[in-house]
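Only one structure is covered here, and it is reproduced in the block below.
Each chain carries a letter (A, B, C and D) given by its place in the written order, and its residues are counted from 1.
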């Protein structure tokens, strides 16, 4: 379990995103709403920083299926060309062909039948080279399809922390004071165990005449809960110790304030650690409103939660 | 390793189940005996909160086998219809058919032979479209079966913390005082390493005239053991600091007391963290009895434990 | 990472093995040399405590291969009987048979060809029932073989903490005092990161006239090292705080002393936590000797360690 | 998550590499630049210390592919010999042969078709022994290929902490003092969460007239960051408490100083702990220079980092 360790000293956080603070002042937001980083690495050849597995696990299902299908066709075309060049009549037996194109097609379909090891056998290899190429095509097919099926299953069984963040954060009255609040929900039916949240605020400040970005940890009412089963309203009470104390909406705008949210926990179903990130910018904060109640009871007196209303606020 | 961190302040626990305490007073028990939550999420379309992997891992073996078999038949019917519509005589060769129904059957069985890549070859595809559909059916079959076999193996190798909870908890004399006790056993032959237990009590209380549910952590004699190999009697001594101090059976009934049990550890065989939960309600507590001894020795002087007698009590 | 947390209070350890201390006095050693527990669970039906996965992962390779081979033959015999009873001539085509036994053999080999999806096609199914059984046999074969291959790979890739314990522990001079020592070696070529050792001593003592087993934690000179790469001599200095202080060889014998060793760490190659256990009994301790030096240098001035001499002592 | 726990006492670290400090003085560097240990185990038979899985996961892709291909050919040659010795004409049907060599080739290709379960069926087994060997060859093929494909996918999906270390470490002015510095970059596009660095210095010292190697932990400005996304300059400020305080370049040379770097964290994409190690020797340190700035902004005002310039220094 990875513990978020909130440090007490505020300045210490400056390196927490692995970014130098030089020049960072001019940049756009650090984290996108979906939790991805707003940065780019340059100077190394693509293959050095690119991880194929990483790519294939992260792309959409449509892209993934497309890549598998195209890869399948391309590899079979490759082997079809080999059988065709060796001579379809000498390397394969049982083909039914009239034209040269028929021959290529039979070579292609024989290739597909070897690659998937379905091997109907109407067309089958003869002679040394035809049989040898077919023997290795089956091996290559098995290996290539193991990658495809492994990735397919890996994607399917990958823990997706479907954490829903409220669209806006609030700065609103809370008990006898004011608090910075946002609401998160666990969309999945599995429990997130030992969920921990950490909130960092980043603001432009002036030091020796030059603006630089400063990072603060915001102390939370609760930064850890045993089960994140349904909904969690995360609260940072704005007391005298809070870096937000006495700041106005305009101050946050001027400082281009950004609130970075880190969530982690252990997924009960997938037996794996999960992480989720998001960020609220100064223009994604509502002042003075409260979150609406979304708890209720059904006819069996079980607790219900309306996840579609997670961003609902009231005055 | 996920550590349960018992907090010192009692009130802090109110959010520990990710539930607001508003209106919670009217609800039924929070946790079912089998550890599942007694709540429901509403307001989002089904596919948003539903995780297919989660579902297929959790359902019974009977349901799982049924879904695999039905899926297999349905996919083959789908491809059989395609071959049938393309014309069995033009897209397939080697079929033995007299009636239209025979044709459909041969198409269905050819489909099954392609899907599983057994490809006997008595029936085999001819022509561009027949061969092409068959080539993709084999690919789809390999991918679909990879999901089925992956899930099968995942279910088979999934660490099931077969933790046995005693049917009732006890409030009974213990040393010179009284204790809240329950007994758990490790049914599996693998050791659970660094087992940790946490017990929370939840009771209705009156605050400003309105009832609300309060949560307390119960301090345990031991909350962690290095090996949970056989049986563990978990003890909460009811001393002056205990929220149970001086409460009677009737008080627990009135307060609709519920004791929530969280167990976690590391399974030696499966090399994975495991979690188990349960709950005892006020009406699942026996007052004044003690657990019966279930340890013994066999003829080889090895320690034995009678797991069937884990709930046995004596006066 | 599972942390072994040594508790300060000695008595607290009494439950650390999940064993009651009642009657434990009469028992044999608690832990066998190979780290398995010397206990047995009774009273539940076998299938309740038996985990098939656990069993198949732990048995020897010979047994595993045997079970896979026998299972393969039995399943094929089962399907062969079905094809035979349906009539080999009506459900299968292409069989070459003279006798009834030939028919059964052809049914058996056809079954094997369907089960593995090799499907040569010399023999192939005809008719509704023959084709249908064959279609499901291929599916069942794929599922069953997925279990076999999954287990095979799981066994192959399972982190085996090949930790070598010295045959005997020593109680020997160490610096200006005496120490309880044993030596462990990492046989694998992968590093064990953050290795932690915990040593518990268990001894019979008399309390109110009845003997009972008491457990002590032994404080170690180092209980954690960053890399357990080669050899580690674990030291418990016997100072005034040590429960071993002033005890003689005879005392340990009378108290049937047993030293329980727990080792854990993170395997760099397998990316998994590993655990190893062992135990030294009073009669497995050498008094007064020191471990021999087993470090040396090869011709390239690289450090070498002679693992075969790990138990070597000198006076 | 494995926590590096920096101990306060300097001498305590002597065992941290699982090495005795006797004679260690004469040795070469402890850790190679790539993080592997400069040591060797002797005295045990090879198969005791050799782990085949470990080997096959760590070798280069070229070697791995070579081993799979050679294993495939060798196993098929083995079965080909069996079919050939049984008599190709009696155990197989459908072979097209003129010479004895043709017979062996047909046996070889039939073997490959059984091993991969492609089973075209032009050649198929007949008779008891031919069919039986073929039935088991398919089973063995499925099991062997499961190892190959499992390893292939395991290698493909293995988290490779592509951490780039700057070629040299610096001892350079930092704020108002001097610091020991090096720079690391995360080449992968996945984030490393909760990255921790630990730096140990090892130097020869004289004690009672004999030189021995002493280990020091170096306190870092930051030893943990929440995200290691891009670049991290690790700083050990050389204050009065630092073991480097007042040491000169010559002192480090004389003491054959070596700086051992341990990095660990949690990979977001692979959901696994990752570890990386490296080491700087006294002759891999530049005195007096500073690292050049490698941060910039692209046309979309996103932060960019030039990873190719990670070792760049300026005066």
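Please note the rule applied: a residue touches a chain if its C-beta (ideal position, glycine included) is under 8 Å from a C-beta of that chain, and two chains touch if they have at least 3 such contacts.
These numbers come from a predicted model, not from an experiment.
Annotation of subunit A and subunit B: jointly contacted by C, D, touch as defined at the top. Residue numbering shows that subunit B and subunit C use the same positions for less than half of their mutual interface. The contact pattern of A-B recurs in A-D, the pair among A-D, A-C or B-D where over half of the contact pairs coincide by residue number. Computed centre separation for the pair subunit B/subunit D is 37 angstrom, with centres defined by C-alpha atoms. Work out the mean CA point of subunit C and of subunit D, and you get 26 Å between them. The residues of subunit B that reach two or more other chains are 1, 113, 117-121, 150, listed in rising order.
Chain-to-chain contact here is organised exhaustively, every possible pair of chains being in touch. Interface residues of subunit D, counted against subunit B in their complex, comprise 117, 119-121. Those residues of subunit A lying in contact with subunit D across their complex are 1-5, 12, 15-20, 22-24, 26-28, 37-44, 48-54, 57-58, 93-94, 113-114, 117-121, 123-126, 128, 131-132, 134-136, 138-139, 141-143, 146-147, 150, 154, 158-159, 198, 262, 264, 272-273, 275. Note for the complex: subunit B touches subunit C at residues 1, 68-69, 72, 76, 96, 105, 109, 112-113, 116-122, 145, 148-150, 152-153, 156-157, 160, 162, 185-191, 193-195, 222, 224-233, 266, 268-271, 293-298, 300-309.
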